[in-house]
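Down below is the structure, laid out as structure tokens.
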């Protein structure tokens, strides 16, 4: 009992999530049920994957505003490589594999560019990723002349609905991203360095941390996560679209902030981000079921961001003295 | 003008001021000298309203004086010029002077700054301090000296009757110092009283009417400056032997140098050369600003090195980077624990493991051996006797200064260093923890490492070192082997590069 | 090493945006028919007025080392409110105070949350970004609000031959420029941006100043939004979205630092906004692929931020 209490005091957002879920299940008709649960899952997973990438960046006290443009570029690149209209490969399996590789590469390259600009060129992360956002969104639109790409292979388009052991494929993808991220953050050298750099760059430099590669690494991770998110969006919408994911940036940053990860760096956990993303998804979904229009939902989301920030402000910093 | 009567101040069980009494008359300059930690800053903080004395009275201008905060002292006519300046580099001199109370225009434009008035007043103030630059100059374009003068001009705006200068010259060049002293003489003529705190005895003697020496929280002597010989001042500052405990080392210094520094240039002017042998502790003494930290920081790769090379373990290096040095077994314990030492809201574990993580990488992907780290950290914090509640969840910022320092020492010991450069390792640390740190240093040395010990406390260096280098204005001015240790001689070389 | 080339390169860096603007004007002038005409310059000034006003308010916020992400939503909200009011029969002149009230109110909420509850500006204004847009969509019922002709009439109104949007822009620039350079308030903003702690020590009333700055930013966003819709004639549901980024870009191009303590609305932010708008305009005139606009603009902004960070 004590340990659960301790856990929740350290991870209050997880408690809030559970509480909200139970409450909505009781109050909102249609919330608790197979259909809606699938709905939740499908909306939650791409958001989660993007928010995980963002968490890496924010942990180093940076920010990545370019993720939506990465989603767009990846979707367009993947769409081009895989569309029957391009007809590049005959085997569907090869087509999809090449497509996915292309998407991930696109994300990694944009992340690499961001990371190099922040470290080697010593530009502020906000401006770097802001110009990336403008540039790569523009690039995606220019490459396609603002047209969507159709005729994607069925292998890809059906994938989100295929199940393995009762769970759809995207759940496995998200699980894999979460697991790998967890291992990186908690079990590896670069994971420790990410937290150290975010906590105090000077101390890290004095203590032999390789700051450049740490920061470049987190932007690459963020780019790859964005391209994985793009994969799910692309498959579900059955199109490669240059305006894909345009509105998701604020939800992603909001999810990370609600989770409690500090914008000043060094403080944050994956489970917080997961809970934040889940809460965002549930808010959308439940208020929608309650008949609220999406603009009211936006107002509520804004209020929730403010409230959690306020709450995190007045939370006791450590339990040792409590 | 100002008279102190039996001022006492304790922090917990430690008595910092043991009954200080003196007076400063109108238009008089009092030079206040004493070693680091003698109690000068505490005394000044009491005058400034930062601390309250436990006992004793202060009279200022004929009235009892008990400031509750900094603004009180300013209001009553006492101004402070600290080493740290409260200036905004992005604004002009003029704006800095009037920032919190700009004079405004009358009538229609009453929301606008009265540029004419502020310019006139600024010019007047700058003239008073003898700064002949345009008031429109940005403070960031000024060097330390003129910035100091701007700070003084700001103080003069309030028409103070007493100005306290706390180490005003440490960051100044010789010419700038002369200018400052000239200004103080002028202030004196205008019947402003002055307390001048400095380590530079020549300056103190040159400017003061009387000199007061503080040692260990007591006033040792107050004497007219003209009759107080420099050698006497030094003797009074240092006093008798402190019965401090410095543990013995059981080891023999190696024959050959382990570290050789050749013509290292860290300030663009001076070249530094010295060596350290195996199992040797070399001390570096000097006043604040003498270039001690700069030398170590340059060597470790934290600041620019103009030229020079370092031979370490037989290999010559001329490029310096912390990461590479750590792998070669050279480490640097910073003086600035808070800003660049600890990871403040992280645990003891996370703090101690930081510099040695690369040693625990198991093959591939940077996979860490967390068990190995944990047992290594446990072993080190036990050896350094860090007192903590939990290893993995208590933020290190909750520990005392001494324990934080031991955490940082543990961090470096985890890397198995061959050379430890320790920059003021006992600054702001209580007696108990100090002794533990001394023991630790000895144990490290007994295990064949060597140590470069930078300290402002002569006692500490005399007690711990096999050799002492003295620095002054960026140069090594003297080297004392253990057999020649002489407190006054060392102090003399630190205070003045030339022999008297 | 000689200091002369260094000096020149630093001077060039300081004025890189202006140099680039001149370059762009020369380039488009030689490429495009009708670019170098008085009429086109006036056009550019009208087009840039909305952005300039919003970016000028943003500049004040950035000088204090803050950020205001909510300006796009405020522009939208102000547009929707005024459109609805005029639609409901109110005269457009009476709708003006309502617009200002919306801007000031949103700014006040931002400022209060920042100084009273000490939440960082990024999070506060991100939240009000959501809330403002949500509120606007609620009022507009998520449909585009078609504005009465009186709006377009105002947008094309000329006083003594000068278009009204330009007059409003000049007025806002003048007021904010004087505020920043000539009043205690303005000078103290620079101090706060340099160091909040030192400012408090120096006796500056930081909280009250910050509150005012966010109110000003909100007001500017509302006015800028009004000026922009007066040219468009309608408020689409996505109006103003991502305008916060363009406004920040304009300010940063004009030499304002994201880290506070440095910046100016004139010439700084004005030149920054002008550069962005001139490129857009020039690309239209030379009939460039419209999809290339953001690529070119983003590259130039990147380039200027790069120069700026090299020299610091």
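Labels for the chains are A, B and C, by order of writing; each one numbers its residues from 1.
In this text, contacts are C-beta pairs under 8 Å (C-beta built on N, C-alpha and C of every residue); 3 or more make two chains touch, one makes a residue touch a chain.
Everything numeric here is computed off the predicted structure, so don't read it as measured data.
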Among line, ring, star, complete and other, the chain touch graph is complete
Counting C-beta pairs in contact, which comes out ahead: A-B or B-C? A-B
Just the number, please: Cα centre separation of subunit A and subunit C in whole Å. 30
Indicate the whole-number Å distance between the mean C-alpha point of subunit B and the mean C-alpha point of subunit C. 46
Between subunit B and subunit A, distance of the C-alpha-averaged centres to the nearest whole Å: 47
Residues of subunit A engaged with two or more neighbouring chains: none
Okay, in this complex, where on subunit B does subunit C touch? 71, 86, 88-91, 95, 99-102, 104, 111-113, 115
Subunit C residues touching subunit A in their complex are 113, 117-120, 122-124, 126-138, 142, 245, 248-249, 252, 258-259, 289, 291-295, 297-299, 301-302, 305-306, 309-310
What does subunit A use to touch subunit B in their complex? 187-193, 195-196, 199-200, 202-210, 266-267, 317-321
Contact footprint of subunit C on subunit A as seen in their complex: 65, 117, 121-124, 126-128, 130-135, 137-139, 141-142, 145-146, 250, 253-254, 257, 263, 293-303, 305-306, 309-310, 313
List the residues on subunit C that touch subunit B in their complex, please. 178, 182-185, 187-188, 190-191, 193-195, 198-199, 201-204, 261-262
